[in-house]
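The following blocks contain the structures, represented as structure tokens.
Paired with subunit B in one complex and with subunit C in the other, subunit A is shared by the two complexes that follow.
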Partner chain A sequence: MIDVYRALFVGQIQAASQYRVQSVLWMLFSVIRPVIFLAAWVAVANAQGGRVASYDVRDFAAYYVALSLVSNLATSWNAYDFEFEVRMGRLSPKLLRPLHPIHYAVVENIVWKMTTIIPLLIVLGFVAVTFDARFRATPVHLVLFVPSVILGGSLAFLGGWVIATSAFWTTRVHAVSTLWDRAVFIFAGQIAPLALLPGALQTIALVLPFGYMRGVPAEILQGAVDVPTAMLLIAVQAIWVAIFYALLQVVWRVGVRQYTGVGA
Partner chain B sequence: MGEPIIDVRDLRKTFRVTERQEGLAATLRSFVRRQRRDVNAVAGITFRIEAGEVVGFLGPNGAGKTTTLKVLSGLLYPTAGEAHVLGFVPWRRENAYLQQMTLLMGNRTQLVWDIPAADSFRVLQEIYGVPDESFRRTVGELTELLELQDLVHKPVRNLSLGERMKVEFAAGLIQSPRVAFLDEPTIGLDVSMQSRIRRFVAEYNRRTGATILLTSHYMDDVVALCRRVIVIHHGHLLYDGPLADLAERMAPYKIITATLRDGAAATIDLAAYGTVTGRDEGRVTLKVDRQGAPERAARLVNELGENLADISVEDPPIEEVIDRVFSEERVGTAT
Partner chain C sequence: MRYLRLLALFFRTELQYELEYRTNLALEIVQIVVIITTSVGAVLILFNYTTVLNGWDLGAMLVLLGCFYLVQGFGELVLQPSFEKFMEHVRLGTLDFALLKPASAQFLVTLRNFQVVQLGQMGLGAVVAIVGLGRISTLGPGEAVAFAVALVCGFVLIYALLLALSTFAFWFVRIDNLMAIYWSFLDAGRFPVDIYPGWLRVTLSTAVPVGVAVTLPAQAISGRLDLFGLAVLVVGSIAAFILSSLFWRVGLRSYTGASA
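On to the complex of A and B.
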């Protein structure tokens, strides 16, 4: 399996190198939104004498810088790709190879993140300095951030695949995945740090999986939660990953049967 | 005869298609009760193929050829019936089966467009777990046979259709499959590329002993490659036997071509010998009953004497036979 991954990586890195410029532009584009939200919250905080609940201007800056980083590392666009593959019949040859099609997507995903991480860090460093971000993270937070962002990325990836498999049943995957993306937008911590969401909304956000994709790792990196809370949140992330992994097994098996049953 | 490599029994595949109707009322109605229709793409076919055979799988558009190949390669679940390929049930898609089989479709691509084929080959090598040495040997052979030297290092999307098809062939054979399903492998290629692919398939079969089931609408492919053909129509098996006997069983006539000396053509009435189907200067083609053909030819030679410059008796062209088969319903099978 390691050899398979090595070969897939080599191929994908080559393919991706032809789209380096596009990838970086995409990445820059994806940073714009959090920066707009950051600017908005800074304006709100300043109007209220410098803070909103427990967050001051510099906390917001740290949060949104962390969130941008996490969003990039935990983004997943499988549903769109997958729908395309199903529609164009490109999934069929993959199904006839002794390798689960998800592995190609894993590699694609990781390679995309590798090609964009360095320019992303530079841009975020620049944003952090401009807004004078204050990170409260201790070394322990930084260590905990690693599993947290990996779990967040895995959760987003697996969730994306569960949504993508709807392509086996419907041609309207776009509607389904748009709905999913909206939910991510609202509940994953983009609009506001989860801690600042009003009561009911915060409870919902903590029950749903979306916050565990992005908001949680961002808060850990920022140092907004204490270490025991961080460990608890990571445990919940792991549970969500396990749930989505199991869910994917089931929908994939049923879905492929459906796909190959009706005509591939 | 040993165990057949491909063993198909009463295989059926029915597609259930939803009929979409125009108009709002019909659309609303379709939410309540959908208009369903069954398409019997494969309606119960049975055949066996032995190791090393190259069999032509013929039939008009929509006959069920691609559907059958998809079932046999494991991409589709059949509605009923049984199939074993290399002893495996294809649609279980066990890795041990996938490793020994390939499905190549002339109008589909499985290569990554953005990278050179050589790199795709490497990925496939790892996926199929081909040891380095056999990988090098296989790629070497394929490169030689298909003349790929200059092609494998260019990104696939920069290749012409024919070049890409050659590279697709190589990609589909990296695992050295024992069974190959080829669905219209020469579609859209120019004549010389078609014959190049044809020679390759023949040579590949000779070298590796792989069993090949191939569909094509180009009779030249079939004539060049297949001693045996299976003909299906509307999902039913029409004929299974030697290509050489197809004409005999399916077309009960022969073609006599008589070339007459200058001027004679105008004066002699050849309609008495058979149905005149063509006339070109002194050359006349006659369609005659298969059984009666030798006797007619003899009479022509006797009665025309000096006026006859040349004469030949042949089976009708294979295209014509096939066309005749397709325009009829079930004829029965030869076994």
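On to the complex of A and C.
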């Protein structure tokens, strides 16, 4: 398995190095939206005399810089690719290979994130300086951030695959994944830090998996939650990853039986 | 007149094409509704903590959001599909067919394809704007006219920018990435352009005039755009249109067809 992964990595890195400009441009998507909402929250905070609840202007800056980093590391585009492969029948040869198609996606996902991380950090450094971000994170927070962002990324990846497999039944998953993306938009900490979501929405964000994909790692990196709370949140993240892993096993097994190449 | 008839014809064929896939059409409408309601929700969450955002109250913000979806809807209704097709024509060398027809090539290429379902986005955007207007008391005929003028100027500005951008396809062929960047910047138009820090505000109002195209119509209808500002906008839009058309013609000269 290690040899297989090594080969996949070499292949993907070679493929990625051909499209350097493209991958850097796609990275900007992870930055633009957090900056938009950062600017909006700064305007709100300024209208309220410099702070909103426990957040002041510099906290918002730190939060959205963290969120932007997490969004880039916890993004998953499988649903769109997968729909294309099912519709075009390109999945069929992949199913015949001895390796589950998900492994190709795992490697592609990791390689893209590794190649974009350096330009992303440069852009985020610039944003952090412009908005004068202040992180409250202690070294312990930074250590906890690593498992948290890995779990968040895994959760987003597995969730994306569960959504993608609905293509076995519907062929078009665009509508389903739009719903999923909008739930992420509202509940994962994009429009507001989880702590600032109004009552019911905050409960939903913390009961459903969405908040654990992006909002939780971002808050840990920013240092908005204390260490025991952070550890508890990471434990919940791990539970969600396990749930989605099991879910994916089930839907994949049922769905792949449903799948027929177009024309069969 | 002839051009209007052609435009109606293009629109009708594209409508017929989309009606072939009815389930897909229904799903796309559902997506538009979900996207716009969640955006309104995001604005409501912000206003849960404040009554005014840089001088924009909730009513004015909803008008702005409505204008954002009107402008973005217009872009996705005709500009995005047409310009994508145009770049494909350049790549495949099939632009010859448009150039040989007895009508303005720029017209034939840039207003040819429609995603009719995006009318839904514009319609829903209009609804959001009207709801917002209900919360603003002052609305005279003057503001209504100024709004219409400003909105059309916004459309023209977006058109001019996309035309100028896509002209680069004549030299570089593959420029979808440039266009993708443009569409992601468009997202910034959902908030008034004056909330952004200096460098971003300058970008959004000059290089990518999204801020202008969305913010000014919203200001016009809430009576906060004076006549001078409107005049500048009109002159600027006309100038942008003429300049980008000239640029397009320059680019067209280096188009060589498939194997020329």
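Methods note: the second predicted complex is superposed on the first by the 259 of 264 C-alpha atoms of A that agree within 3 Å, B and C clash if a C-alpha of one lies under 4 Å from a C-alpha of the other, contacts with A are read in each partner's own complex, and residues count from 1 in each chain.
Note that in this section a residue touches a chain if its C-beta (ideal position, glycine included) is under 8 Å from a C-beta of that chain, and two chains touch if they have at least 3 such contacts.
All of these numbers come straight from a predicted model, not from anything done at the bench.
Of the two partner chains placed by superposition, only subunit C is touched by A:R172; subunit B is not. When both complexes are overlaid on chain A, the residue A:S54 reaches neither subunit B nor subunit C. Look at A:Q249: by the touch rule set out above, it reaches neither subunit B nor subunit C. By the document's definition of touching, of the two partners only subunit B reaches A:T260; subunit C does not. In the superposition on chain A, A:V42 makes contact with subunit C only, not with subunit B. If you count the residues of subunit A touched by subunit B and by subunit C, you find the higher number for C.
Contact with subunit B, but none with subunit C, is seen for A:V4 once the two complexes are overlaid on the shared chain.
Listing the residues of subunit A that touch subunit B in their complex gives 3-4, 6-8, 10-11, 14-15, 18-19, 89-90, 92-99, 257, 260-264. Every residue of subunit A that touches subunit C in the complex is listed here, in rising order: 21-22, 25-26, 28-29, 32-33, 35-37, 39-44, 46-48, 52-53, 130-131, 172, 174-175, 178-179, 182, 185-186, 191-192, 196-198, 201.
Chain contact summary for the complex, subunit B toward subunit A: residues 15-16, 70, 73-77, 91, 93, 95, 98-99, 101-103, 108-110, 112, 114-115, 119-120, 122-129, 155. Within the complex formed with subunit A, the residues of subunit C that make contact are 24, 27-28, 30-31, 34-35, 38, 41-42, 45-46, 48-54, 177, 180-181, 184-185, 187-188, 190-191, 195-197, 199-200.
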